[in-house]
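Lettered A, B and C in written order, each chain numbered from 1.
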Amino acid sequence: MIPRSIRFVAAAAALGLLAAGCSSNNNGTTASSGGTPSGTITVWARDAEKDFMGNLVKQYNSSHQVQATLTVIPSANYVQKLGTAAAAGNGPDVSSLDLVFAPYFASTGVLEDISDVYNTLPYKDQFVPGHVAQSTWDSKIYALPFTGDASVLFYNKDLFTKAGITTPPTTWAEIRADAKKITALGSGTYGFTFAGACGGCNVFEFTPYIWASGGQVLSKDGKTAMLDSQQVTDALQFYRDMYNDGSIPSAAETDSGNQQIPLFTSGKIGMTALGAFAIPSFASSKVNYAATPLPGQNGGTASFAGGDVIGVINGTKNRAGAVDFVKWATDTQAQTWLAKNGSAPIRKDLLDSVYATQGQSFEMVAKGLEEGQVPFSVVENAIFNDNNGPWVKMIHDSVFTGNIKAAQATAQSAAQKLIDQAS
Amino acid sequence: MSTSTASLDQKRALPRRGGARPRSLNRRRQILGALFTLPTAVMIATFFLVPLGMTFWMSFNQWPLLGKHKWIGLENYSAALSDPNFLQALQFTLEYTVVITPILLVLGFGLAALVKRGNRPARFFQSVYFLPVAIGLASGSFLWLFMAQSQIGPMWDLMRRIGLIGAKSNLFAGHWSSLMVVIAMVTWKVVGLQMLLLLAGLQSIPDEVTEAARVDGASGWQRLWHITVPLMRPTLALVLVFSVAGSLLAFDQFYIMTSGGPSNSTITAVYSIYRYSFIQFKLGYGAALSVLLMVILAMVSAVQMLLLRNTDHT
Amino acid sequence: MISDIRRSLPRAAWWTLNVALTVLFLSPLVVMASMALKSSGDQGHIPPTLLPSHPTWANFRKLTSVQGLNIFHNLLNSIMVSVSATLLVVLLASMAGYGIARTKFPGAGIVFFVALASFMIPFQAILTPLYMLLKNMGLNDSLVGLTLVYVTFNLPFALFIMRNAFASVPQTLEEAARVDGCGTIRAIVQIMVPIVKPGLITAGLMAFFNTWNEFFAALILITSQEKFTLPVTLTMVASGSFGQIDWGSLQAGVALTIIPCIVIYLLLQRYYVSGMLSGALK
């Protein structure tokens, strides 16, 4: 990890952010109460963040009196683990969590109300709106935006050129036509792929088509499922058509999220929707790629604002320390380092100044993140992210068997039932 | 299991040679035995019976992971009986059990017959067949998951070369094909255990019995069906009860290999309990499903033992 | 009967069948070893190659180089938990096995029945109560607590084996020892334990394999990263960022988990097999 820290130091120094020596008890944002926060705190993060979280915690510890210990938890079991621990009053002091779970943990009192902290942040108006909306429950703020990502459509420029396509698609019809042309190139190329057995992937990659066409999957308050709406039907039909065209490989049907990137980097795939997390893999491959916003049926664009929020766990014995860490995680130094190490910052000022400048794909992700949406629900996990949940079953059955209306009806009633039972 | 317990107790109840011994010695031995058993009993009571009791209690409550629980009587149970997801999972679990049990039994029996003669080569092959038993279910699942992957998996590639599957096929995309991959993995992993248990049963049959039948002119199959199988009934009962219980509680292999797919068609009963408890956080409902599953399992085991015991007397 | 099938089979056919089956049974392990040693270039090769073109330890090195995870520490935890759970299981199950099989104290049958009944319980069902219970006992996030849980879950099978092993020791042998002036405990240790040794080893190995490979309870019951056991760490190493699977490291991890079990099995298999044969079927 040495190269990373060198890179960080270089980046931070260049931006003039790193005061010499980084004195131990001076972090610009601690203002309010008397003493400097001290003691120890535990921080939980999911394993998808293992590559940068350890480094980030190290940076924090080297410049603060509060000493943080990191525990990395398998992503698939994160909610269950945090829930079990919190139920027993045994959770960490700070938790970074996928923003879609924030409403659940805020509504159940696992996260502590940190509106006071939020309101003192000088850059609070710079936060991307999707993350803040997810962290808000009953008009109070329960977490701060932490890491960002947004869904965009990646395409293989060489395949586009070969197929005689000059501009990236801006409507579904164009995506479908382009996919057909690329598939027609033969020798095992496919125009498009997606992860047909992965709920989390599809909420990230598929909902933007619906949003960009004016549709919704959930009502704004999260109380009504809208999986049977016309825009959802059309979007499913769009995927179904591409499958019927033969533009989607058979691997997509059981892809639980681990095949999209290798397929695309193999150079045999024309287009696939992914996020910033895929950029390092693409960059290290031979594929000549670019990104474009996910379009609506007849134009318009949308994106899913993904990433993590970071919050203080209710009942922490070191609130001052926990708050200090959470604030530091959103400040310019930490966010700049994250921006240079694969995670999009969650502040518009930094998105423009240090993230979008890294390349075309970064620019697209930054744009997506600024306008990104997230379905708001306390049962997000059960409806969307669960790989056996109603959302992915609807998509899978619609695309691969074609019975769209029936699949929608089943999913709608299952999703509504989950919502009703939770309230 | 209780068949064997009962017969053993009877056996030891008959020759009571210790009858002449002073009662106090017997009593002292009993106290010693009870003391010896105490730690085990305490462990099982603390970490098994107490949580089990709590599970029962939870099953009568609406019990979210976070927040307050509320007594709702039998509501969880009545909901379970009309829950299409759970019923489908139960049905699939039975389907899996019905398919895999005879496969394991027949292959286990065949392997036992192959290695029965305990010479050196036979013992070597016996060790090989038993080797996968030492491997964890999760490790085995990850290994076979890779082998059966489209394009990159060696097993998939071999099947394609033989012409069993097409160049674009995806084994995990079909209900039966994914079930078959799981069954192949489980067979590889546990058939050695079945082999060994059945081998013990085979070896307990005196050679003279079958020899006599041979002299009487019984064919190989006749001897197998009319002499070997009936004599092995206690072994078969044990193997069957263990194997069926294991299959009805299947979880890891499906969680890792199929993730319940395609289209939720390989979700087992325990998988469904896991989902209700840890994905939807309905702990009370999950507990009720667990209780129902236990009842079903106890009934199935009892029926098996009754059947195998009854034929014993005919 | 069955032995005749073998006798009547031509010798060559018997050998052919066994050798073919051996190849079938061992080939997954070859696949695992080959994949674990493949370089990242070899791994994605379509169609897959049988052997790595340039064998490398890179996948294993990757296991040790993930930030914040210390796989050797986790390996040590696994060894500690598995070994102590195994020893406890063997000790407790032998004591109880003797007590139940040979002294017939009132209630012995009940203890045995309850232990066996636990085969019927989906373990996931009692995990949450178990978590609450350990918390109340002050044993949450503790390797001791995890060990105790593992002991309990492996006791029933061990008890089953040990009770049957003790039951098969002839009554006269124990009496003879006592006549010779041995106390009961000395009679057990000096006369009976050597006889039930295969059973002991069988029970111990089963307990070791189970605890060594256990993932779910370890994940839920342990919260500090430095106390994680190997299976928990491996799932995190194998999954790259955002759900990609790194098949090479995954197979390296699987190999790391499997190899100790196979080595121990091969070392002790002589006892294991006879312990199974004598212990399981009474």
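The definition used in the following text is that a contact is a pair of C-beta atoms (placed from the backbone, for glycine too) under 8 Å apart; a residue touches a chain by one contact, two chains touch by 3 or more.
Computed from a predicted structure; not experimentally measured.
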Which interface, named by its two chains, has the most contact pairs?
B-C
Compute the centre of every chain as the mean of its C-alpha atoms, then state which one is farthest from the centre of chain C.
A
Distance between chain centroids, defined by C-alpha means - chain A, chain C (Å):
39
Distance between chain centroids, defined by C-alpha means - chain B, chain C (Å)
16
Where chain C touches two or more other chains at once, the residues are 44, 128, 132
For chain B, residues contacting two or more additional chains:
65, 151, 278
Residues of chain A whose C-beta touches two or more other chains
77, 80, 84, 256
In the complex of these two chains, what residues of chain C are touching chain A?
44, 66-69, 128, 131-132, 135, 140-141, 219-220, 223-225, 232, 235-236, 239, 241-245
Applying the document's contact rule, which stretches of chain B touch chain A when the two form their complex?
64-67, 150-151, 168-170, 172-173, 259-264, 267, 275, 278-282
Contacts from chain A onto chain C in the complex sit at residues 1, 42, 47-55, 57, 69-77, 80-81, 84-85, 88-90, 92, 198, 200-201, 256-258, 261-262, 266, 275, 277-278, 281, 342
Considering only the defined contacts, which chain B positions touch chain C in the complex?
1-2, 4-5, 8-9, 12, 15, 17, 29-37, 39-41, 43-44, 46-52, 54-55, 58, 65, 111-117, 121, 125-140, 142-144, 146-147, 149, 151-155, 157, 160, 188, 193, 196-197, 199-205, 207, 210, 213-214, 220, 223-224, 227-228, 234-235, 238, 242, 245, 249, 251, 269-270, 273-274, 277-278, 283, 286-287, 290-291, 293-294, 297-298, 301
Within the complex, chain B is touched by chain C residues 1-6, 8, 14-15, 17-18, 21-22, 25-26, 28, 31-32, 35, 43-48, 50, 92-93, 95-96, 98-100, 102-109, 111-122, 124-126, 128-130, 132-133, 148-149, 151-153, 155-156, 159-160, 167, 171, 184, 205, 209, 212-213, 215, 231, 238, 247, 250-251, 254, 257-258, 261-262, 264-266, 269, 273, 276-278, 280-282
